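All chains are identified by letter, namely A, B, C, D and E, in their written order; residue positions are counted from 1 within each chain.
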């Protein structure tokens, strides 16, 4: 099992991308999911649906529209240019943005469900114990939503690792910059370099398995407590 | 906005595929998620990780391995041939199997979390009311896990609709048989028929939006009750 | 203790209810009784509820439940004991909600029907219990009405002894039936839970402090109904309560738990009348007097109970002349005097003999005096100073003045 | 009603506690009292807890809470009322857990500090309350210990009147601190919840039936502690209870709710002693006698309270000669006779005058007799037959025999 | 013909989608048989064929893949044809009129090419850049599309100002900017090969189609779509 320098670069880039995207998504989706879990507004249904939208378009097609949207002639591209912010396509930042968009629903959903499951009661108890809304969130909501956060992280991470169509489109397959491992494996397969594809795939599967099994073992420990300490 | 016959065929096929896959996945994942939610076995972490595995490989690559696995020389292909069951690749059934595999984690996760959130108490109450395990599941678990089921259905459905890499690989892009709308849009884009691609994409987005907004409005109604009738 | 008439009577009463022998085995008090004493072995489950469990929770707690009980198959059996003594755990074991500890020789059977043994396990949903949980535990996704419907649909249709309308009316829940559990007050939830457990038409009712969240007035309404109901339906009730008052009022038989072990067990009356039992810590010891109604006066709203050539006046109820009635007399309501005082508002003045006297360890200012009115024992709690100044001693004949009286059944 | 000395005394006692005028407004009883009567307007929040709320739940329920209360800023105020009468809802409003109904002129303030008005809303976490929920409501992800720690870390450090060790010892929770709420029994959970609410060092304690799940013995331990604690810390307690006994024992002031409205409100003693109030439905009316300790006898474990030239013997406690003491005397414990009987075990025989007599509507066999020992009113519940045969009438002088007595403070 | 209509399954490389649909229409009209078109990248189609995809004819974007299939006896050797020869052009969105090819490339901010590993147009593009001796200068400015279709989209969306795309694409849509033809001399020919697959159940019909494809009227139609003149048969020395 020999890995080429390009393979190793791709692995490194993938880890960087997936970790960054997961962290950013968790941060970004927390308020969205919280709002969706608590609001009574009629906007809830539509916004929930919008969150799931990136899913229904084929990734490459989504990538195409992203290209149009972010490109120099697209509305977002012009906005960014107006503020003198570098263009996103064909850059690592572009990959991050695109991956975040595409993995958004997988992070919002578990968080939202976890927040719903917590209910009002523990928050009320905390409020009477001088815990401000922010403090409540940190010390009551977060620990109680741990399972949801782990699910969200797992789905977000795994999906970003495997994500490919959008990346291919928005990334432009630039080594060290946007050529992630999924693209690398794809190239191997398309180029009939099956041996290399097998090696890389295996590596990726093993690595991901270890990461996920670790994440889940945390969840399992947490679950034991939760079931024992379940809401009265 | 003119849709070609091929477009309409693709739309029809997509709906058939996505609905079927969603229904089958919900059925298949219910016991898996239930087991994962309740077991104390050490297998739980690993199996949870395995369920998420399909995510980490790029869809085309996953399709490629499925092709190898299900193909005439693959272990599964030979098994199927031995029992005289038609081969799966390049058939609608094959698409169904592949889509199910790929969308599995999106259905298992929300169900599993929903089952965990229910806890033991309502089940105990039902048990003392002569409700058999099966009956409990139907009349207590299912309604209490409604939010989870809706999430699962939304993610499963949307992901199958947009899913594309696996489908292209395992399905072979055969009109009426395996050429779903995502592939059709992709083809339009590849053929530089951007107008048609826009039309189809728009249609798909609107349609999915309506479906999802509807699903979520159910969830919202349900949520209102749940929060009001929250576990004591 | 002699096999005194009142015990005969109580057992007689029990015989009537059981339509069979009341098997009773008292580990702690070791009192022989008229009832046939059976040393129960595992292989030979007797009538009534047989329980032998050893139960430990997983996790930190070093609590274990370890007991061997044979409970009557009729009437109310109270489970009494301090918080954390294992009352809920015991009910859960009986309902099949706690898993057996491995290798334990647990055994649970009701009227000879085996529910659980070392190699057998009847699933919860096959045990004909009605369970009222300590925290109501209603289905949150169903309205109160649908919670009841859930129960009705699964009820044992062969013995529909409990009627929907009765239960709803009694528990006063008609107006809240459309609400979800989250929209109910604590007491309302508990009442719906009680209705739900009754409507499953159980063969035994397990109630975990069902009345703790209810006000006195509601308790007064519900308690007698529960008593009658279970009497009529011939279903035994296992009733967890913290209130000795409730226990005395309701329970024929009682089990006192502490730290997962049986501290005392036996007929409620006998247990409570035994001086020096664990009840010293509870204020209100009381005794039961059984007899027949010999006189009634509707103008004054009073009936008189005749027993052993004496009478006790009590508030008239539905009883008729000739009926058997049990009265509860609390020790704090009895005072003694050396002579009968006709000019006092205390109507009941019984001639009694001092059987025994004991100082209250916890409260040196009081003595508990055990009196015999004929063969019927009574307890009087008086100040040590009075006992001294009246020069009370064993065998002395006195007048027991009884201020108020509660009718039991 | 005359402004009789006992009222003066009780109010005097209250004055002492309040260190100010006790503002009291009684809608229903309309009894003038010595305390300065203030008709409170919104703009002018007075000392103590001022509450005016109109609250409706969204959804099916047609329940609404609509009341206007001025509660003392010291001592225990009981919220009493049947299940579903709005007690929990009221506590939640005070704690800021229920959202204001739109357009309502709600007003809540404590000691002049505004918490809520039509255009102001102090967030829950800024209201210095300690809240004991009816269902404990512990954090399920934290052990008992960490639940307490959560509270301690957020406690008001400027007035640390309540000490961890005291609370843990009193509530007897040391052995279960490492367990998660799901591993605790019902009573254990409730005790941890109580400890948690105390350790936040609140300025007012809201307790929703905190003792309902506890056994009598534990109640006996906890109640006096609570009383002392709140007295010492000068924090008022709003205490929801179903038990009139508990209320009488604990509460200086009480509010009776029914269907979301105030049915009666006022000083506990006065409310309960008023014949014909809503308490007819509750068995145990009682009265308080206040006085000073005039004699003690350690051999017999008794103390004597002197009041208006008479004495009452009671169980000796920690009081010393000269101390002010309040005794509670239940109506069921008083019998009357035309002469003093020295040969009875009843120690206390007071000379009294019949002030009033009233038939009990619910129980025609009984009459409630209001007696005056000097100016101190007492209630005796006796049979109508006795009242008739002793030819009792207003103004008659009698002997009141008091069997047992409870010390209040 | 009186024979009952049959269905021919065609696997076609994505870059040939536009001509294929029109040719097939003509073929169907002519013969009364049906043709089902499946598109995909050549690599994908190759993998599918290796796993017995039910195709009769494979029209690849290159010559290597059909040859590999023949080697593995998955396609008949004598059916191999070069049905089209691709033409590479430089599409520059803001180039001035006077600039040379080299100047345009050097001036560009971003140059889109197809992935040389996957697409023959990509390989040709790389050769061109090397032969123009600008490879080192432009390497950093390259973005690669998975297919020639994606390469086109990069330029179309304006994200790349310059791209080396297929002439057939330029003819398919109106475009902004300037087109410069890349002489064949700068790269190997982009020969697109087609074969009949061994497990075809419609060998006869497939042969008919191949004959139709290589007919001179069809070939001239293909040229109208932007492909260059092609030899009738590949040189025998290719393998």
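Basically, contacts are C-beta pairs under 8 Å (C-beta built on N, C-alpha and C of every residue); 3 or more make two chains touch, one makes a residue touch a chain.
Since we're looking at a predicted model, the values are computed, not measured.
Common neighbours of chain A and chain E under the contact definition above: B. Chain pair with the larger contact count among B-C and B-E is B-C, by C-beta pairs in contact. The most distant chain from chain C is E, comparing centres defined as mean Cα coordinates. Of all chains, D has its CA centroid at the greatest distance from the CA centroid of chain B.
For the pair chain D and chain E, the distance between mean C-alpha positions equals 92 Å.
Averaged Cα coordinates give chain C a centre that lies 30 Å from the centre of chain D.
Chain B and chain E have Cα centroids separated by 36 Å. Contacts with at least two other chains are made by residues 60, 64, 121, 189, 226-228, 230-232 of chain B. Annotation for chain E: residues 44, 47, 153 touch two or more other chains. For chain C, residues touching at least two other chains, in rising order: 59, 135, 180, 183. Residues 57, 59-61, 81-84, 87-88, 134-135, 176, 178-180, 183-188, 191, 208-209, 212-218, 242-244, 281-283, 297, 300-302, 313, 315-316, 332-333, 335-339, 341, 343-347, 363-366, 380-388, 390, 401, 403-404 of chain C are the ones touching chain D in the complex.
Within the complex formed with chain A, the chain E residues making contact are 41, 43-44, 46-47, 65, 68, 110, 112, 115, 117-118, 142-146, 150, 153-154, 157-160. By the touch criterion given at the top, residues 95-97, 123-131, 133, 135-142, 150-151, 154-156, 180-183, 189, 196-197, 200 of chain C touch chain B in their complex. Residues 60, 64, 67-68, 71-74, 87, 89-90, 168-169, 172-175, 179, 187, 189-192, 194 of chain B touch chain E in their complex. Against chain B, in their complex, chain A makes its touches with residues 40, 44-46, 48-50, 52-53, 55-62, 64-65, 105-106, 109-110, 112-114, 116-117, 119-121, 147-148, 151, 154-155, 158-159, 161-165, 182-183, 185-186, 189, 197, 201, 204-205, 208-209, 212-213, 215-217, 219-220, 223-224, 226-227, 230-232.
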